[in-house]
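As structure tokens, here come the structures.
Same chain, two partners: chain A is paired with chain B first, then with chain C.
What follows is the complex of A and B.
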């Protein structure tokens, strides 16, 4: 496992294909040039730079994009199935859908946004299910990679939230009153405003989307890296070392620990999806509430 | 071959140090929520929504840490 040019290198092995990093995206339809640049299956390119080897299909049509598309199809399919022919006395199928929907509607939208929360519920529910499905891919066979541990996906999501809460604020208050409301806190005396206004501007318009994105990314990235260290390192110590029993025992132990870390990852998958939705609701609420 | 060699750079240690403060901060935020909820259970909703803001603000520092650990060479 060797990640990044200056990043983490856990095992320097003589077998370059051992423990191939799942962080490297692989094109679904590799061009010939790409194959020439990747003599070892799955490893980061050793012999060409990105601009040299990649055609647009190599960059855009990859296994990680495919994962996100599959997640979208799963989420759409799930909601179509559970909302099909609703009845007054719900079937089990309908009950599951209502359970998830009610959790977000009552626990997040109504609690945080308050008045006039109805129109945001579909977006919050869709976002929650999409993020949690993508996160669970990290502990799910076939995939074993949480999509959002690639930072690009997360920027996209954070930008949507940013556009949403600013659009809500601008629509309700008008452009300049909204900006004034966000960057000039009520009841702060004149000279202090010189200090506070730039800080509020940074905090409300720039730091918010960045931290929203990085929180989701960093949690899943770190979690996946942790799993990889324990599983790949443990397997290596257990199976590749022939003459040292202590290394073998340590490797077996770390494989056992990795199950615990998988359990932790399940918790993190839920928690991060929930926090993302809660903060989105929080930002929408702060954009539309009265100044006080 | 060096077994179990960890080659990295100092940024990671910097991030480790930078995570101490936010760690304590997030702990304090949720400790207070638990205390408040124990004293007045019906206030849980109001406490939680304020706590999420506090959590987001405190954790922002840790997130700057991880961003800069990657960004600075």
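What follows is the complex of A and C.
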């Protein structure tokens, strides 16, 4: 899609341009070529390809990359603070950390993975807190953008999860026994296997990482899009249309609704982070469990 | 790859640039490393300590409970012994009381008998004394009286005495019959 004005400059234009452009990353230190390709208002937007305009700073130092880095610092800082000199009788600070930690450790890892859950606890704890902080950025005033509505981060997480559970399975069973275990369900009679085996292969090796990534990405992407539509569109209808009271009322109403959607986004932020680690644990569990 | 986003067949499902993916994974690796090396050991060590503390607490509580049960048993035993002892003391006291009562009674009876006897002896003695005195005085008075009535002296002792004696004897013979 061409680069029109981003979300908020929409308010000053005659016709609002909605679309994914508000999801674009912006370099913190834009090169001249980048600025040419992303003209300010009034100049005709150009279509540039990456190789034409981008210096490495345009690609690697952007607002969304910075946001992810800040999220990582917040997560590490949070854990270091809440786990500092833990006491048998917890302080309030420690209690908060323990609450989150045991929720993942006992509620997800031990509950789903079972006996040898201990070695997966760091993974799940890190993953849950990193995802939820990034998701909450979508409703946080300094950022107002959920990092994981940038699909690249999400693909990375899906790939690493895919590698994790397959590595666990291969390490425990060996390559071929593991693949056989995953695609040939136990106790299914021969002819039906012809049908079931390709399905199981698709399901366990192809669909899983894709759905994992798409679920997280699409929830945040759609949530943010929804917020933008209600806020930007509502503001436009309320303030820019001068002679139609119905539009103004509708605009005010959609601004009110946007508050509800923000509340929903808070729930989604938590829920998607939780689902992601639950499914990760579920996949690890299915990879290492006895034939089912 | 900015222009790729939204332009290809995958639309926004294609990352704007591989940078996101790489940065995401690197950050995740850093977080995992810190959580794995620092956070989890801190919490797990503390959980072990807490479990030990709780286990120790339970053991201490059990110990205290045992002690309490022992104390209770000892107390009950002591109470039963005390009851027995009290009963025994009560019985002994009752027996002693009965004994003392009997002793007192017999002593009182003895005393009474002795007093009665001594009184009786005294009465007897006084009686015989009175009898003696009477015998003497009455003879005297009677003689004197008779002498006055007769106007003569009855100083002839031998005769008088004989008369009086015989009179007294007759009195003595009469009196026990009363």
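We adopt the following convention: the second predicted complex is superposed on the first by the 261 of 292 C-alpha atoms of A that agree within 3 Å, B and C clash if a C-alpha of one lies under 4 Å from a C-alpha of the other, contacts with A are read in each partner's own complex, and residues count from 1 in each chain.
Simple rule for what comes next: a residue touches a chain if its C-beta (ideal position, glycine included) is under 8 Å from a C-beta of that chain, and two chains touch if they have at least 3 such contacts.
In this text the structure is predicted, and so the values were computed from the model without any measurement.
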Q.
Under the stated touch criterion, which partner chain does A:215 make contact with: chain B (first), chain C (second), both, or neither?
A. first
Q) After superposition on the shared chain, which partner residues are touched by A:87: those of chain B (first), chain C (second), both, or neither? A) second
Q. More residues of chain A in touch with chain C or with chain B?
A. C
Q.
With both complexes overlaid on chain A, does A:207 touch chain B (first), chain C (second), both or neither?
A. first
Q. Can you pull the chain A residues that chain B and chain C both touch?
A. 214
Q.
Which residues of chain B touch chain A once you look at their complex with the stated criterion?
A. 1-9, 12, 45, 48-49, 52-53, 55-56, 59-60, 63, 66-67, 70, 73
Q) Which part of chain A faces chain C closely enough to touch in the complex? A) 1, 3, 19-20, 23-25, 37, 47-50, 53-54, 59-60, 62, 64-65, 68-69, 71-72, 75-76, 79-80, 83, 86-88, 97-98, 101, 105, 118, 121-123, 125-127, 129-130, 150-157, 159-160, 214, 217, 221
Q. Which of the residues in chain A come into contact with chain B in the complex?
A. 6-14, 111-112, 207, 210-211, 214-215, 218, 222, 233, 241, 247, 275, 278-279, 282
Q: Please name which positions on chain C make contact with chain A in the complex.
A: 1-7, 11-25, 27-28, 30-32, 34-36, 38-40, 42-46, 49-50, 53
